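Shared between the two complexes below is chain A, which pairs with chain B and chain C, respectively.
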Partner chain A sequence: MRREGSALAGAGTVMMKELADNLASTRMRLLEILIFITGAGAVYATIGQVRDTIGEDPFVFLRIFTSAQDPLPSFVAFLGLLIPIVAISLGFDAINSEFNRKTMSRILAQPIYRDALLFGKFMAGLATLAVTLAALWLFVIGLAIFLLGLPPSTEESLRSLCFLIAAIAYGGVWMALAMLFSVAFRSTATAALASLAVWLFFAFFWTMIVKILVQVISPADPYDVAGLISAVETGLGLGRISPNMLFSEAALAFLNPGERGQSLGILLPQQLQGAISGPLPLAESLALVWPQVTGLLAGFILLFTIAYIMFQRQEVRA
Partner chain B sequence: MSEPVIRTEQLTKTYGNRTAVDRLDLSIEAGEVFGLLGPNGAGKTTTILMLLGLTEPTSGHASVAGFDPLRQPLEVKRRVGYMPDQVGFYDNLTGVSNLRYTAKLCGLEDRDADERITKALARVRLTEAGQRPVRTYSRGMRQRLAIAEILMKGASIAILDEPTGGLDPQSTREFLELIRSLKRDGMTIILSSHMLELVQVVCDRVALFNAGKIGLMGRVDDLLRSVLGGSHIIRIEAKGAGLIEALQRVPGVTRVSDEGTSLRLECTDDLRADVARAVVQAGGDLTMIDAGHASLDDVYTRYFEGVAHAS
Partner chain C sequence: MRAGVLALVVLATATGSALAKDPKPDSVKGLYLTTDFPALQIRAGEETVLPLTIYNYGLPPQRTALSIADTPANWKADVEGSGKPVSAAFVDYDGRANLNLKLTIPATAKPGDYKITVNAAGEGATSALPINIKLAEPLAAKLTATPKFPVLRGSPKSNFDFNVTVKNESGADTTVSLRADLPAGFTATFKEGYNTQEITSLPLKANESKDITMSVKPGPRVQGGDTPVTLTIAGEKASVQTKLTLDISGQPAITVTGQDERLSADATAGQERTIPLIIRNTGTAPARGLALSATPPSGWKVTFDPKEVPEVAAGGEQKVSALITPGAKAIAGDYMISVRASGEGLSESANYRVTVTTSTLWGVTGLAVIGAALLVLMGAVGRFGRR
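Let's look at the complex of A and B:
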């Protein structure tokens, strides 16, 4: 059966209103402060180390993002942890708060479809995230130019831009998850806790669980090379279920073309025979992480679709 | 007679094996104030949501202003203003900003919207309060803001779900006056309520709901006459033996019920003199006699008592 009229009529209006709400909210202020302080801290801590390698490394600028200085983790590792929190905080109360404020039935009685409400809210969240991350990205680059005294090359700029896009896609996955929970749970607290539980699971426990699972699925025999390789590959495959892993691999490939970012799997000595040493060109790096990036997009589309279907089937009355 | 603006045919909604609305046939004329009355959970809100296309009927068909709410919900929602039973606004925004958001969702031009908002707020006496955030509003003010939204939208049909719920008597009276003034503008109004007596004064016609079905439908006066066999209630306080039997013999008295301290009589006419005489003749001490009007509450109780007995 067909419905008449555009499913997206009003989505722009919803988006603009939500965007204004997001940008003006206290919650967002606090998160911005948090990520700017950690970003600045991470960059400042690594700058001394990076400065020593100027002239040796063709991608010295990207080092700012990836090198860690004890006790602080690298900027990329910080983002891997903080982006989910920002994304979750933007999405966990998207739908259920409308029910709690009793505005849902009144808004849906206006000439718009439910689709417009969900799309508008998601787009607003994603736009907020993109604006925040872009601001942070520019801030870090500016800080690096200031502290290093040299500008990034074209390739470095492009690579860091690719990284920014991957970071937004990574945030999109977490926001879609938080929105799914905001549809599934009427209580905002439950939705927030459920989202954070999933985040915690992937950020800290998944790597441990993968180790156990690998032992079960392909037990390693120290005298069998093929068995060892398959154990490592099982571990990688399972690990890539986690969006955190996909993000860190994408970050590695984009920001570290020189060494570890040349291959995301295992490299056997035979494979390296006759290999030309030197950094990977950007196009090759892109080809390398294409599965990771599409994996993130697929996760995001899947979660959003589930949320969409659930929302369409939900009863309006509270 | 013109084509009814709202019509339902065998409209049914089931949740699992519970039937919320059972084969509903309804037809409402333009300019009418129509009351959907009944206790909570009788299917009033479900019916309203189906009329708005917010809930899909299990079977049956509805038509609102000539459109099918299922296939053309946007056309329906453009013409219908809806006030939910618990109306909420964005608390951090002002009344005006809330209406502006709705206006944009309705696709109104900015200038046109501002003009309509000013007019609508003046009509519900919220001109000053419109500049304040909604979190400072009282319940009555929120409800008036909801009416302003319906006015601003230019809706020709207003559906109000429990509009007097939680209002104090003063606000209720003002609200009913507002509904009357909307009727004078030619708006078709559907209101649902479990406060039968309050609604009786504004509704042209009412439908009494019970367990998803319409038990009775018609003009308030007609219902009073047909169900109660007359619309006069006399209340007396008297002492003495055999009074009830004596009173039942009075011509015109259709029913006598003992309500503890007093007796309640349903009569075809104002029979206070006859009743007093009967009490005295039966040797009773009459201490109080009072005439009151029958209300929909009486109709409702009586009718569904009958239904319960029959089943």
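Let's look at the complex of A and C:
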């Protein structure tokens, strides 16, 4: 039976209900505590180091996000690990738990379309993630102002805001994946494990697999410069399938204004001839990692579309 | 014997060396007022001092009154003793009194022969000394200036030190002022001899000559070639001018700069950008045959319009356009490009900073990818939308 009217009718209601559930849930509390403790720890550890370099760096605020102090990794590295966990935990039981509690028929008996249910749930998850990350972001900046005694400049604020948006997009990819599995598997445990498996695969194993794949696809001849370059480029291309890599590259460009692409790929000496190292304007940094940001945004839209199609084709009356 | 002594006295008086040896008091007796040269020539406007001596031979010590007769009008004649005007002198037995006759003759006095008589009147003995004065024309006030080297050669930045000997060829002392007529921007300082102090005027006694040094510093933006300088030395009554020449060797000096002194520009990777440049000649001679070149990073293209500047006049400037095309694969950021203008014997470069921005083509492509993803989602919603 064809739907009549907008696919989003009722999505707002679902979203608000889900948001309330998410924010009040114990699971969310635990995740918030985890993420705030690690974030605060990372910032507090680096701030002493950053304080020594005030005056040497015009972008001292951005260093709080990027510099690492042994034994803790940098704030950005922490987020790269923790955002997927938060996103997965918010999305892995979105649909299948409704089936397990046998509440799906009851919800759909309301004047709410199936589309609206999925849209609402996804938007609620994304909003929860965005609220958490924005709060963490403000917490870190506030802590830095308090400990450094400096306000961030406009450029620094804009750059860290871009970083926040990239982080939310990165979380969106994992949430869309978790939601896809929650549609695909009726068991919440299976969905959670599948999502975590994908995360683990991209976070830890993909870089190793890429190395092996590169040797197979374009074996490098140490005496052939062109071959070496193509091998590295193949490796980068394969590595960028991983959302983790896309996020870390985007974060690098946003939080390090001096980054001109030298860490994001191969720059031949010819390209750097006559170049003066200096900070890039934000628009140029954005242009530099625009493919990465595009990849993250398009990736989560596509994953969500797949989940949507699967959900729409499912039998829900069971 | 006595006549021989007298003859000796007369001879000694004539030669003027008799003052050292007095005649024997036995042979001469009386009061004598004498001077070395009772007939002399002096110039009007001058002050003359004649030494007078009163001898007392064989007379008792006595007061001798002194008076001057026949003083011409406007002349001033005084008898002075020990620096003070006196009207009487006391002469001891066989002794003498030394006096001076001070004559001040106005410059307006007519030349000619004059006579002044100085009388000494003692107790029972008198002596009169007539002095013949031939008044000559006053000497014309005259200064001469002789430069050691009237033409000096140097670069626009060097100091030109002219040594000039100034001589006062008049009979009167004078103070001369020193002045130089210079082109605008030039400066001149005066020093005396090897003295380090700067002076503007110089006292010169009669017939004295002094060496002065005039140091001329050329002004900025001076043209090469001969620059005449007139040194005027002016006294109270006379002045002299001497012409000196600075032979300034011209030299071109160029600077390369951007419009409004701006040395930075934006450019998009792979797209041509026109940058206005200015070649300025700050030297003193025209710069000729300037060829323009640049050292861009590889993959860049830099051409100039025009490629060569035939001549930039001294103090002039020439606009040139640089057409810069950053490499198509240039990464965003700042690049330094050295722009060089080199001509006959000179070469000057400027570092130009080019900020390369990347084309927004990829940004549009990225938006298209996201748009396509959204279209797929909307298509799915349309296709699979159901209750």
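Criterion: the second predicted complex is superposed on the first by the 310 of 318 C-alpha atoms of A that agree within 3 Å, B and C clash if a C-alpha of one lies under 4 Å from a C-alpha of the other, contacts with A are read in each partner's own complex, and residues count from 1 in each chain.
Note that in this section a residue touches a chain if its C-beta (ideal position, glycine included) is under 8 Å from a C-beta of that chain, and two chains touch if they have at least 3 such contacts.
Just so it is clear, the model here is predicted, and its values are computed rather than measured.
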Exercise. Overlaying the two complexes on chain A, which is it for chain B and chain C: clash or fit?
Worked result: fit
Exercise. Regarding the shared-chain residue A:Val293, is it in contact with chain B (first), chain C (second), both, or neither?
Worked result: second
Exercise. Of the partners chain B and chain C, which touch A:Gly10 in the superposed model: first, second, both, neither?
Worked result: first
For this session: Identify which of chain B and chain C touches the larger number of residues of chain A.
Result: C
Exercise. So, A:Arg106: does it touch chain B (first), chain C (second), both, or neither?
Worked result: first
For this session: Mind working out whether A:Thr26 is in touch with chain B, chain C, both or neither, as first, second, both or neither?
Result: neither
Problem set entry | chain B versus chain C as contact partner of A:Thr154, first or second or both or neither | neither
For this session: State whether A:Val316 touches chain B only (first), chain C only (second), both chains, or neither.
Result: first
For this session: Using the touch definition from the top, say if A:Thr305 reaches chain B (first), chain C (second), both or neither.
Result: second
Seminar exercise, completed: For chain B relative to chain C post-fit, closest CA-CA distance rounded to the angstrom comes to 6
Problem set entry | Doubly contacted chain A residues - partners chain C and chain B | 1-3, 108, 113
Problem set entry | Contact set on chain B toward chain A in their complex | 45-46, 49, 52, 54-55, 70-75, 77-78, 80-84, 86-92, 101-102, 104-107, 146, 149, 153
Seminar exercise, completed: Touching chain B in the complex, chain A uses residues 1-5, 9-10, 13-14, 17, 21, 101-103, 105-113, 315-318
For this session: Would you tell me which residues of chain A are touching chain C in their complex?
Result: 1-3, 7, 108, 113-115, 260-261, 267, 270-278, 280-281, 283-284, 286-288, 290-291, 293-294, 297-298, 301-302, 304-305, 308-309, 312-313
For this session: Note which residues of chain C are touching chain A in the complex, please.
Result: 295-300, 327, 329-337, 353, 357-358, 360, 362-363, 366-367, 369-370, 372-374, 376-377, 380-381, 384-387
